[in-house]
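Right after this note come the structures.
Here come two complexes built around chain A, the first alongside chain B, the second alongside chain C.
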Partner chain A sequence: MIKFNLFVLPFSLGLIYVVYSIVIHYYRWIKSLPAVDKVKLANGLRTPSKVLASLKEIFLEGLIHRKLWKRNPLLGYMHMSFALGWFLLIVMGNLESRIYHGAYINAPYYPIFLKFFIHDRLVLFFEIFTVPAFFRFIMDFLLLFVLSGLGLALIKRKQSQWFGLKRTTNHSFFDRVALSCLWMIFPLRLLAESYTAGYFGGGGGFLTQNLGNLLIKISPGPAESIAYIFWWSYSLALGLFFIMMPYSRYMHIPSELLLIIFRHCGIQPKKWGSSFSDLELHSCSRCGVCIDACQLNFAAGISDIQAIYLIRGQRDQYVPENIAMTCMLCGRCQEACPVGIKVDLLRLIKRREIGSGQVSDFSYLTQSYPGFAEVVYFAGCMSHLTPSIHIAMEGIFREAGVDYLFVDRGGSTCCGRPLMLAGKDKQSNELIEFNKTLIRQTRARLLVTSCPICYKVFREEYNLPIRIQHHSQYILELVREGKIALQSQHRKVVYHDPCDLGRGGNVYDAPRELLRKISDLMPVEKECADALCCGGSLGLMNTTLQKKDEVTRNALQFLLAGNPDILVTACPLCKKTFVKHSKTEVRDIAELVHDAIPGRQIRKIMDPQKAEAAIP
Partner chain B sequence: MIDFGYTITKDRQLDYDRGDMRYYRLVQSLEPSVDVCMECGSCTATCSAGQFTEFNIRKAHTLIRRGNTESIKAELRKCMFCGKCQLVCPRGVNLRNLILAMNRAIELLG
Partner chain C sequence: MENSVIVIGGGISGMTAAGMLALQGLSVTLLEKEKETGGHLARWDRLFPDRRKASEVLDFAREGMKRVNLVTGVTVTDISRQGREFTVVINSPIPNPQSPTPDHETVLKARALLLATGFDLFEARKKEEYGYGIYNNVITSADLEDRFKLKKGILTSEGKIPARIGIVHCVGSRDEKVGNLYCSKVCCVTGVKQAIELKEMLPAAEVFNFYMDLRMFDRHFEELYYEAQQKWNVNFIRGRLSECAENPDGSIIVKTEDTLTGKPFKITVDLLVLLTGFVPAGSTGDIAGMLGLVTGTDGFINSADSHIMNNSTDIPGVFVAGAVKGPISIGEAIADARAAAIQLAIYLNSPTPADD
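And now, the complex of A and B:
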């Protein structure tokens, strides 16, 4: 039984093209993986647990859109209705077509246009409870499900704030064409099926049959021809959508599947880019969640440089330098991304392309003998700008009786991260090697730093054989070991998460636990993974001071909303940035701890010599 | 030479007509905030690299502004990019990008 009509051609050609295109893309992505990753992929695919985990995530994120549900139920429902609804339409349509076709294999277009070919009437009472009737009900229900999502999508155009999106994406031409096709598909299907069902007086479900009967009644005319036109339009819309898919954002549908599998196989993005990064670029659905997360957007009004525009530009092989360089690399968009794309890394890869050409010369740095100690303390460049931090740290070291060495007392050699943020990795390696030698010479077992920027780069790039701690973690450990006793000052404080310590280093609890011991810690609206950047970020290369100040003032509004006595942070750069605009006292966590050591003030008065020693 | 207890410094007069202003104009377009610099030298005083070697970012800026770029080409490579300078700048000059821009100008114009 071969059923065919000319109108199936646009759909079929589109389908052939999109399948061909996806296969080519998949082949390229897998083929150009580094050898290590290929092995990981092969091993992962042979491990049932990893395959199952991938399938579970594909179901939850690709069809249900769990992360979008968490963000906003309407947004989640809208995406679920499109993805899950369409997926089930395809699955159920195929099952239904098997019943009528009587064979296991049929032409791909057959299930899609089934109602054109099959429109027998279910008349008898008992037939309503048969399998065909069941499928007709299900198919109509699913179509309604998808159409409800389409309705929401139309509302979202005008009222995006109902969907939790303040600002939506400014789409490119190809995306607009593909989007129009996608929106046309389901209404055209509804009309085509309804007209056919109405004309033949059978074949439709609760939705299409009733609508069809109504349409025939209110618009008498050549119903068969009208239906035929709608079938052609439906096929054309599908075909055009498929052809546009590889050139539009809808490429994220097949890409994300592979991305999820890659991730579960343990494949990581590479520092200088690999086909994993290219796959990430294609997996971006341009949903625009990153735009709302970006402080440069909502605080400083810069709305053309967000992650989505960077990714789109990189996919099209064209990124204006401005987009790559204007970003605080605070990681908020990365945290919000429903696809989990490592956006900051993508941006850094672009910066490396731009910045790697310029040379540096650090031959003036000469190693000096640092001495030995159990704990080596690296204050960092920024702490030298806010000396109260390292003075407090030295006080704490002395109080705890630790054998420590202030390795950069005479001025820091930069840790190398600021150069990396500018895309000059090769140059920063020289500084990294210098500091590594310096730290190794001390034979310390622990490296403590006061600067989250240094902390991040020490952990990620230095490969030191010793433990690395930020001072908030270290002080907490001292307190737990009973080496320093603290007395709470009972002052209201709020804690600001530095980007590189929180999102960058995953240190959220240590500073909070410490603060609870010495003060009354108040919650703030955006904290932990959702914390705001202070605006002083070294990642931001080419923005005016005025824009930076706007970010800082906006962040302060959130932080100081509860009228705290002190704004506490754990980063010298944040402190320096906030001090400029904050009317509330801004202090580092180390200073606060230093003040909370009982009797420190009294001892200073009693023993002037010791007091002298306490303040170098 | 007889030591009189003082010396005569080298002539520091600059002929603006002979300076190569292309560099400065390019830097200006890449980082406009360079114009508000009042040459106070705070950047140089706090400079991380400046603690280890002779590196004077204020001077480099002044020289490029006067069209005298020869001597700063090697000089700019010493910058560690730590960003302390831009935090202390009383005029809000975006110094890290300024250094990138100066490097870029030298790269493009030779």
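And now, the complex of A and C:
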């Protein structure tokens, strides 16, 4: 049996190259892990449950593409047909080649080009149920499966909206070359196998045999030479694809496998970056889901800074500052990413590289002695721009009879998050230390803040030995404990999830439960994890106010579609941002709760326009 | 009605233009949404720079309107154009005793329209950090004029004579954060005028003006600014307010920066006056929508040309006067209204308009 032909060389060389490249990458990613992560990996790989969980996820996400199915069935099918179809072609091809070759070790090219070397005579009718016939059927079926995905991929170029994608990725040169090779591989295999089957009058399945017979009939000529050209082309396409793989987005295929294993072993991305983050960069398939999720794209027309372009730039070790800085860090793309890449962190890592050099002087900050209390209330600097919020909170504290201390009554020292979002962590740490000392001195058991931005950074960076709550959680607890009674005002309200409270703090239910007690809460189109950013984000460092306004107006369209009486949020920054453009009243949840306390001590608020009436 | 004109808006611009048009023998109808004409001017006590009484100016304008058909308490609900004729539908919110339905609709015809819908004062509550509507001793410049008109003295909400008063410039003007990039033009000199008036009434009080720039653009304004400093000892602090807080006694803590010394600046005042700027009137957008008129990104109406056609619009027969095109002082508004009246009369007298 002939087992070699020159045309297998391009494929074989490409395969050797890609395997070598993947091994090198794997070796580097594992070797440069921090020591603690290496231990986690070694332990994880010895734990069968973690290995099984990894394999399950690799199967579901790497082959079936479950998350893409959920997003859009056509998109899911397209990716599944490529991944699962190709995978099964390799597995079944290997099994098939065993029939003709008894050895345990095959040359890798042998199953791939099996039909070049083996061409059975036509099977008789009663032989259909034999093992070779079964394989011929299954291999043709799988090829058709992959080709159906290819067909969809071609349609997607023109009609991406059918696949749930409004805007597709603007691909780089290497990605285009690799993509072209990938698309050529399967049609060339079809033609090569069909011509061969047609020429020999056998060896093909339902697809290749019939197509081969037809091709021979309609284009008489040197069929054997034509087939041979297609075998060469098929091998070249495969070889070139393999060689391009480490330089193109298709590196995500081997990378994601390792990423899934890393994650199941409990390895986390590091604040200043690690090989985990580098692995994440390579695991991005550049599918473009993040572009559609991005409000800067669909509301403000900025379409060149999305996560995919940041990640591609970081992989190529060149990120224009504009890409790193133009982002609201709202977390919507991270929520949508089918690979689960921590995109916001990757962007912050880049910002830290850019912004860490500058120095700031906070020597003017002087510690004062705040006093003691059960509960320490930190309104945050944004709440000082929306005084209705902290006035309402103080009213609630008093009604509930809580021993509280308004620690930043005279003005806040920044919680540090805005500097952190700008990549200035060293400066931000000075502020964090300052506030930590202040809060610790109160000896409180609970820290309550009105600002989700503070809430996020208190939880993630402060390491305080006390409980931390956003006021929506705290008020709900007061209600549950019976410390304040509420009476519904029955006004139609919608709730806007602040980014740092919702996606950033995973607080979705507490504000909604509260609002149901005091008002008629209406649903909105995009909410909870899919909620829109108000556009006021402190993370957006590099754009005009007009673009922010476009984001705000767009978000308001979604929020106010049902004509609510009040737009309720739980963040002073969201409130200030919406007030600028909203014709509907905008209020914080604390204000609404305070209004809903029957018999509350009403603060004498005089309408200044009628103030003269009070003048004697 | 032959040669008829409808003027929309009964502020000083609309009143002046209507009077001028009637003087030329045209049949003029003036529509005003409030019960009384006079607009913002009716609320003002005295005018800069010479502090003459606002009521005198208003009386003059009313005198000129004797031959104008005045319809008040109505809103325009629809406008359409057929050739050189306009149909204006008005809706009176006041129940008409003759009409069985409470909302009485009337259809009016006109050969030309003059839009003089003016401006609204910036809603100071939007600048929540200054505490208007939250802290009792934060008032607007218009509220202060109300008190000047009442002539009962200036007191805090606690009934005390204020020892220190702050006046905040550029509230809702030149402020991207509230979406208004433009200068409201008249607040600077109004702040100086009100500071002097406060010092006249309360010689013992300290008055602080917090400003970014003082744009004393017109004749006698700079002199008024000098007078405020030299004669009345008014303090001028260059710095934009960041936020206000309230003390338990009701006084207001003002946080700002003195940009001339480069230091943060904190001061307690007993009364804080916010110089709220101009925003396009709510009805301007509605009427522009009915007519298909172009507004700028700031919401004010764009005239056909900012130099030589600034009382005309892109629609033949539709003219504009006064603050509907942006911030403007009383004197300028009167001059602009007269110019608009002449332009409109020329249009009506021309037999074949070029662009119709």
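General observations
One rule holds for everything that comes next: the second predicted complex is superposed on the first by the 597 of 616 C-alpha atoms of A that agree within 3 Å, B and C clash if a C-alpha of one lies under 4 Å from a C-alpha of the other, contacts with A are read in each partner's own complex, and residues count from 1 in each chain.
FYI, a contact is a pair of C-beta atoms (placed from the backbone, for glycine too) under 8 Å apart; a residue touches a chain by one contact, two chains touch by 3 or more.
Predicted, not measured: the structure shown is a model, and the values here were computed from it.
Touch criterion met: A:545 reaches chain B and chain C at once. When chain A is checked against chain B and against chain C, the one touching more of its residues turns out to be B. When the two complexes are overlaid on their common chain A, residue A:411 makes contact with chain B and with chain C alike. By the document's definition of touching, neither partner reaches A:598: not chain B, not chain C.
Of the two partner chains placed by the overlay, neither chain B nor chain C lies in contact with A:151.
Touch criterion met: A:358 reaches chain B, while chain C stays clear of it. In the superposed model, A:562 makes contact with neither chain B nor chain C. Residue contacts after overlaying the shared chain place A:385 against chain B and chain C alike.
By the touch criterion defined above, A:424 lies against chain B but remains apart from chain C after alignment on the C-alpha atoms of chain A. Of the two partner chains, both chain B and chain C are touched by A:576.
Residue overlap on chain A between the chain B contacts of one complex and the chain C contacts of the other covers 384-385, 410-411, 545, 576.
For chain C in complex with chain A, the residues that touch the partner chain are 126, 128-129, 131-136, 138-140, 143, 146-147, 150, 152-153, 155, 157, 159, 176-179, 243-246, 255. On the chain A side of its complex with chain B, the touching residues are 325, 355, 357-362, 364-366, 381-382, 384-385, 410-414, 418-419, 422, 424, 431, 536, 538, 541-546, 573, 576-577.
Put simply, chain A touches chain C in their complex at residues 384-388, 391, 409-411, 545, 549, 575-576, 579-581, 604-609, 611-612, 614-616.
The part of chain B that touches chain A in the complex is made up of residues 31, 33, 46, 48-49, 51-53, 55, 74, 77-84, 87-88, 92, 94, 96-97, 100, 103-104, 107.
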